Amino acid sequence: MCPVHNINHPCTQKNGLVQLVADRNKSFIFRLKPGEIFQSHHGVIHHEALIDIPWGSQVKTHLGKVFIILQPALDDLLRAIPRTTQIIYPKDIGYIIVTMGIGPGSNVIEAGTGSGALTIALAYVIGDTGKLISYDKEEKNILTAKKNLVSFGLENYVTLKNQDIANGFDETNFQAVFLDLPNPEDYCSQIRKALIPGGYFGCILPTANQVSALITSLKRYNFSFIEVSELLHRYYKTTATRFRPEDKMVSHTGYLVFARKTTKHGEKIESS
Amino acid sequence: MCPVHNINHPCTQKNGLVQLVADRNKSFIFRLKPGEIFQSHHGVIHHEALIDIPWGSQVKTHLGKVFIILQPALDDLLRAIPRTTQIIYPKDIGYIIVTMGIGPGSNVIEAGTGSGALTIALAYVIGDTGKLISYDKEEKNILTAKKNLVSFGLENYVTLKNQDIANGFDETNFQAVFLDLPNPEDYCSQIRKALIPGGYFGCILPTANQVSALITSLKRYNFSFIEVSELLHRYYKTTATRFRPEDKMVSHTGYLVFARKTTKHGEKIESS
Amino acid sequence: MCPVHNINHPCTQKNGLVQLVADRNKSFIFRLKPGEIFQSHHGVIHHEALIDIPWGSQVKTHLGKVFIILQPALDDLLRAIPRTTQIIYPKDIGYIIVTMGIGPGSNVIEAGTGSGALTIALAYVIGDTGKLISYDKEEKNILTAKKNLVSFGLENYVTLKNQDIANGFDETNFQAVFLDLPNPEDYCSQIRKALIPGGYFGCILPTANQVSALITSLKRYNFSFIEVSELLHRYYKTTATRFRPEDKMVSHTGYLVFARKTTKHGEKIESS
Amino acid sequence: MCPVHNINHPCTQKNGLVQLVADRNKSFIFRLKPGEIFQSHHGVIHHEALIDIPWGSQVKTHLGKVFIILQPALDDLLRAIPRTTQIIYPKDIGYIIVTMGIGPGSNVIEAGTGSGALTIALAYVIGDTGKLISYDKEEKNILTAKKNLVSFGLENYVTLKNQDIANGFDETNFQAVFLDLPNPEDYCSQIRKALIPGGYFGCILPTANQVSALITSLKRYNFSFIEVSELLHRYYKTTATRFRPEDKMVSHTGYLVFARKTTKHGEKIESS
């Protein structure tokens, strides 16, 4: 609550994330730093003019273009990530979080990091009481993800590791492992070692052939409760008197595969 | 970490939630209490036998039926809620959370509470650093939700209010308001008063007619970034050599409507 | 036009197909034969009472149950076929017909016949100026299909062959070959021999693995314009003030695969 | 069968429709006329060079571009229609044909004609033993449809009428009436007069609001067996080792509404 405004109007803060919005598809997310300048082809605004003003205010560039200043939500962050690699969609991220039981305080391993979209979402949901480790064998992905995490102020919530998971994970007894890699079927042994008994494995895969290979491997490595599904997201036009779906939609983002590490009856709980 | 077991095998704890699983569609979620007895038509187990044992262990009833003891995830809780009213599905809950930017520390208002499925999910994700207020004008819904929250140990994360939101919300400057009511179009004024500028409104509605009415009202009350969509969730059979969708699927759970409270150019920020 | 009624009221005819309908899901299709009796648990009606009456009339059983007498459409016939094997759905049949250019006068080969649902649809659309040959290696399927064709009066439009297509088709230069068999990839050579250059091949397959195998084979055998798709059919409730999709839907009937027989550049047109 | 070629190689014919294909999305459909020249930016070919050659042959333009010469199927015709107005998709046309029982010899009324896509499909399926009447109040639509019908040689199968159906249809006792108009709810009385008892009404509508209005009107005018549905068509990539849906798809073409003209119990069959 800023001291210079009515207590009922929460305000933007120095070093806080803000979103300048003209419309949903044209928005800018950045951190407020005294002395810096927001620049776009719509004109410039000094950050000082954006600090300690009520959320939802309208602000103008020197060219007179009006923006609304908003607090960005996770969905906004995800849409703002520079898309250097294939991105995970909000619809899939939401379902992953709910299905794998990820919340404040969870400990989760992710690989590969990619551009860090899922990393950002997981960090956001886990908060500062949990643990998030993200592996990627490509150094450039680690650097990109780092940059994206820093720009959203989430870098302290994640440990990035530039390692190949073929050599195993450093962690054990984690609640959840999520892979966004082309060949998850090759890492079932490593995943088992990293997971707590009953822990969740999740994965997103573009092709049916990959899912078949993964199912075979998950069964061989004694995973249970295997679930494969996909989410189709259909947007509607928002004209009240002509309510109908949009003309085009994304047809496919990926098959979502989930499973839990269990042990067979009579089998000793394996030492990890 | 329990003292009587290897440090690498986290254990169940007194008063903790556990899930006894035979298969995904047959599972039991309850809280471990010394002196109590788990009873099912598969036989009984004393809770003492389930405390301080490694997660993922196999346990037997007196009739010899084997269960695995697992830590329940949010998705498991949601599936275990007694369905007295229409339930919100995990796919929708996940997308609601991501789109409305709900995470640890968020403050959120919900109405109506219903059987508390979304309440449980929101409480789980917000954690103990946020605020969750849930309104329902039906006392029996409040009581049902209370019971469900208690059984999952989440009752301290939620303030349940047996009030009609037609009279307005008690709160102001909340980040997000989610309605699961048949006539959300009647409450746009109340929602605006409860939301921070830029705050998120969300809603799930079964029929196209309701969505049309809501769109009209949202526009009249100066909400922006209106988005309407639906998620189709398609499960696949998990046979690697015969990979194909399941024969039947849920065709419709609801239209998801989101919007943000904004102000028109030149308009004074309304006092709330 | 029956002589005993107004010329504007076309009537049922002796030996014609009729449909007695209480509601869409409860209807009876049969051929009117003097001397026969329609029997159901709703009561009986003598066929004589149903001949030479206007289409759309209401008729009563001896128990007073009212039926409407209608002319059955193809869709009605398809819904009335006894389902001894997996049936092809109307949505798929319609798309098959349009995509493969099947109309009055077309010549088409089908295998396997199965219960004859697609056979009936093809016979209906091709009419008496075309040719339809249907192969099945199981004699019982041929007998079932025969019975279904006879009951709809379409038996003269089809030549049923109790042969294994592994031994090849007897026909050449046909416009279209449609397979409803588990292993279409094994018959690409036979299909090429039966098709006119440029002719259409079509197929419906339940699993992704089968489609992959078929695509590989089609490419090896120099088929072009390969198209794979699926149709999701979503029904809506018909309440004007509460317009919304049905709760459940059929998630999957099959992947539809189409291709055309072509020759590579410079290659001699193969003699068939 | 052309005299100058082997009987096993059916050939193209003077005045027949041909399709020159490079790939599915780049094809040309036209009628072979001695003396005319096919022209494209890929070069030219004299029609004479295309007459009496085997279907499936490869032909070259003067620039060396290779095309395959094929017999166009209905689907190809539909894809080749100049899109002056919103087009009906093959998936919808197929389902309309099957649901409304349209085949060789059917008599069908259509309004509005639009660019004639559905007209062409219906003419193709009904053949020369049936009757097809198509109404449009816009003269320019009638002229466009005429041109499209002529180019496919189907003009003799259709009677085009430049009339407003608000004034009623000229026909009675037709089996089927299909409307592709924005306000079908205004014509239920006219439709009843044109239909045989038990006859089929069909319609395609883009918005939910229109469907609601139509359902209300159909019930008021005593139509039965009302069915509303939509078809989602999802294409797959045709790489055998990476089988997956295409990235984008058409999300919505229209809601399909079907009903049958019936009479209530005890009601006199209305004179038409």
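Per-chain residue numbering starts at 1, and chain names A, B, C and D are given in the order in which the chains are listed.
Rule of thumb we're sticking to: contacts are C-beta pairs under 8 Å (C-beta built on N, C-alpha and C of every residue); 3 or more make two chains touch, one makes a residue touch a chain.
Given the structure is predicted, the values throughout are model-derived calculations rather than measurements.
Under the touch definition stated at the top, chain C and chain D share these contacting partners: A, B. When the C-beta pairs in contact are tallied for B-D and for A-D, the bigger tally goes to A-D. Chain A and chain D have CA centres that are 46 Å apart. Per-chain Cα centroids separate chain A from chain B by 20 Å.
Multi-chain contact residues of chain C (touching two or more other chains): 208-209, 212, 234-235, 241, 243. Residues of chain C that touch chain B in their complex: 206-209, 234-235, 241-252.
Interface residues of chain C facing chain D in the complex, by the touch rule stated above, are 6, 8-10, 21, 23-24, 54-58, 66, 68-76, 78, 90-91, 93-105, 121, 124-129, 172-173, 175, 196-200, 208, 211-213, 215-216, 219, 224-241, 243, 255, 260-263, 265-266, 269, 271-272. Chain contact summary for the complex, chain A toward chain C: residues 208-209, 212.
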